[in-house]
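A quick write-up on the structure given underneath.
By letter and in written order, the chains are A, B, C and D; residue numbering begins at 1 in each of them.
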């Protein structure tokens, strides 16, 4: 059980194993069958399963989402892949008006078991329209499931779960976690939705990091150790359903919460996590909290501004430090840029 | 054969007239978009379909639902918001479905079911099923990008889809010319490499026969086809009334359509005794459906959040 | 200054006055020039300003949003009208990827002063796809302004502000507030964005109601009076920017907060308002809170379930009562359904 | 005239070759989509445009930006992420703009600028300006619903728009036939009632002359027109390298395009002295632009959140 895979390989493996198990699974999306294979995540699938089950599509996000839903109504299990989450903005009508609602508005007569994969871009000048984390938009809408695992293990297990799930699943991948490596069992397994994962234990403050920010929170935790602070790092893994009870249990222990999202904070995932935790702690435990995310603006391409745009281990650690030690204390840990961000050169 | 068509047409007309009659009582607390005047399209097309063929429609799908064999009692109960409705009272008139009859969904958002139909057809083709999908939509839906994207993909993959455009000249109150550069929808369809038919006067026999030819071709593997059926909506866009007073169209425009109404034309040619018998039978069936709806229970409060999610 | 207008009339008046003032304002959208005139809000405009400035559009939400943006880039000020907010799901790409970002991603070289009007449906079986309040989705994205006034006065003033504003403004109207009547000055005036309005004073609990829920909160306030509870009712008016300071000032006084949204609570406006307030009160004032919104599911059409789906004066008052009197206390005020909901018969 | 065209073509080619040369240094930290091989389309079309005409483009718009007169220094500085860039370093290669030159925007999301162009044209027409808008997009953008909706509205309102489809046969690695039922884009355009032209071999003179005719017609009030220019991308979809090894296309496919490259053909016909002078001048200008970019400052930290909102 020490075999290591990258996150991208883990997704590929889960997809391949599930497709072998279940002939109703199909994969569609621009470029899923080309030589790049969506950063390797779909590589080899067309050779193995044929072009009926793995196919390229026109640049038609709206209709192709509808096509995936229609195929699901007919009993298939489509995985629809988007190399940038930003392009989902063309597919909102089908996802929200149809996929999310079909089961209910048709009185339980149908299921729409589609998996919509999309990749959040970052680094190397992705800019305004190639860097958005839009998971909050989907979390808001009942009928959808939203998962955003950060480890190769959870990537594989969540993909398997998604491909056995009765509801539409928004599967959110961050381009910078594709490169993460970790132990992944070879045999198929599932990771249940709605359970947060404690990535590292601690007693002084709870750091909740979404997707790539879970990786950055782990780095922040190391920095905080230098200041004698023990941070518990939690990856929600699944955003809807959200394991608010699990996160709140940690916060009841630490009394402090920092939520770090790979998106904007305003009216987003971090607001939900804060609120959901405080709903469970109010009247029981005093909690101080902070939320971090993209700077409240559009994403710049130039490196110096891009560096400021994202939370990083330093800013995360400083926010946690302030909660633990109080407003007055100044502390600025040394840190270096995340290797996956430094090394990334595309292809976009 | 005329008897069958008459029965189908009359049944739909009568159901909708009953809906219109009941409507002011406010027992049907939901927008209804009546097909009165347009029944021949659904009936003509569905006459050529098999039981295992699939249809998708719009919010204006009472006619389609019934023509494809959807359960009448479940439909009326649905309009009444009852637990015995085809969506358990949760969808209403705009979201009719009957999986057993192959009515796989209707939607309140214009154009959204067109790609669903195409995706369903993809699955049918992949499975090698001989069935096909008929996608019904209005002239307004053609304005939407989803129409273009769906036509392209269906043609690209040679999918077994019949695109049925019910062109009633208006989208709500906007005439086609206020929305489309040209009214040449068949030419548009042909530009995707799709065989396209135009049926000018909404005659049920013509629609049936042209569809039959299209359906044979599709089953033989021709790929998708397009049929545009001109028709006319007699009632207001939504609701049970007339709306000639509103000024966006005239009664004079409607009159030729009254004159060429397939139901009346066929009815006039039928043996009066046969006609009376059919009308009588249909009326009894419809009365039963309304009584069923009236007497059915509303869904219980515990149903508020059932079927939001499936059981994982 | 006692002239009364309905909310719909107030919007119409503001539009007409601003169009007379500024020839660059145009109005487009399906049905803006028909005999219904979008519930009266655009009635008479085409007669007065001509069909170049007021025009019907094809059913092409995506491209017509782009057309509005393109016209704005050329110096016009388009008002793009949608009779249901649900249809905006077809316009997300242009609104979020272009309108929200153009100024920034083009380095300040351009402005996109569009006003996107949309109406939230309710009652009379609107159902899954005609009832959504999607303002939270737009609040999440920097570069957009989102306003959702509840009174005729604010409707007029916000519309005038929107039509003088340099940024894209999402103007959210609830079908059930169109019928509200109130005093509206005839002469043009503006209501600044980013300032919440206290609709009624109180000291025991702060009720924040979004759009139609502000109306329902006022009714809840009357019920609470029967229990000797004085509720302060706040209408945020503008959701982005949000007057978090103003709302927090009230909560600092009352120590209790109930946020009621005309949408889902999960990852939505109510989570943001709670979080923004608690960010300002933490460490300063103990606050207990609750949030209410649509039931966490798809909207049903049948009346008995629809009644349960929405917060109402009774459920709002009960939530506030629990905050004030504690968990154990049972209190169920009598209330009747909102007249605008009972009376509504369409057209949809 | 050949001299002008040569200079334009060479200038763009040389700029992009310099971008490719610098790229491995990682000074340009941003995706770049090179137009090398496709310059003739932008140059041919823009030769016929007035200074007050407007263009909209895609993420692959270096050529268009320069052909329409965009500021070269500001463009290179933008690729370098500098404060002197045309978007102050905030947009990069995919979001070039030059309001003074009428380059009103480019976008990383395929198809999104087509409706912007149409809306801009609406404003121009409403104002009675004699100017027009040219909307540039690829063969991939035609797949999008926005294309259909935009064509329809432009034709409906007879707007002064020239739709320019740069058909380079691929969208990333997908050939047109993998995405479109038919390659008859002109027929598609014509179905909106729009005059449509197909230019087979990417020759700059043909493109210029056909565009000139289209532009005159549009200015005379013909309404929108469509021109499809066949062309070929020499480099990989994004980035500075070749990609024939990837297997989705062959060098043999590219070779005829190398042979018919307008830049080479015109260059070969020019007086060598003239040619050398032009090349020399352009090289100096380009060198200056890169030096300008290199020596310009990055935007300061205080710029992170400027221009998210305007000043109300």
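Note that in this section contacts are C-beta pairs under 8 Å (C-beta built on N, C-alpha and C of every residue); 3 or more make two chains touch, one makes a residue touch a chain.
Nothing here was measured: the structure is a model prediction, and the numbers come from that model.
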Report the connected components of the chain contact network with chain A omitted. one piece
Maximum distance between Cα centroids and chain C occurs for chain D
Mean-CA-position distance for chain C and chain A (Å): 30
I'd like the Å distance between the centres of chain C and chain D, where a centre is the mean of that chain's Cα atoms. 41
How big is the gap, in whole Å, between where the Cα atoms of chain B centre and where those of chain C centre? 35
Any chance you could list the residues of chain B touching two or more other chains? 85, 89-91, 95, 107, 109, 143-146, 149, 152-153, 156, 179-180, 308
Contacts with two or more other chains occur in chain C at residues 57-58, 60, 62-63, 86, 89-90, 93, 97, 104-105, 127-129, 142-143, 296-298, 300
Taking chains as nodes and touches as edges, what kind of graph is this: line, ring, star, complete or other? complete
So, in the complex, the side of chain C touching chain B is made of residues 30-31, 34-36, 56-63, 86-87, 89-90, 124-130, 295-298, 300-305, 308-309, 345-348
Chain A - residues contacting chain C, complex: 62, 86, 89-90, 92-93, 96-97, 100-101, 104-105, 127-129, 132, 136-137, 139-143, 240, 242, 263-264, 266-272, 274-276, 278-279, 282-283, 287-289, 291, 296-298, 300
Can you tell me which positions in chain B touch chain A when the two form their complex? 54, 56, 85-91, 95, 97, 99, 104-105, 107, 109, 112-124, 126, 145-146, 149-150, 152-153, 156, 306-312
Residue set of chain A touching chain B in the complex reads 26, 52-53, 57-58, 60, 62-76, 78, 93-94, 97-98, 102-111, 113, 142-143, 145, 161, 164-167, 193
Considering the complex alone, what residue numbers of chain B touch chain D? 143-149, 151-153, 155-156, 179-182, 184, 187-188, 190-194
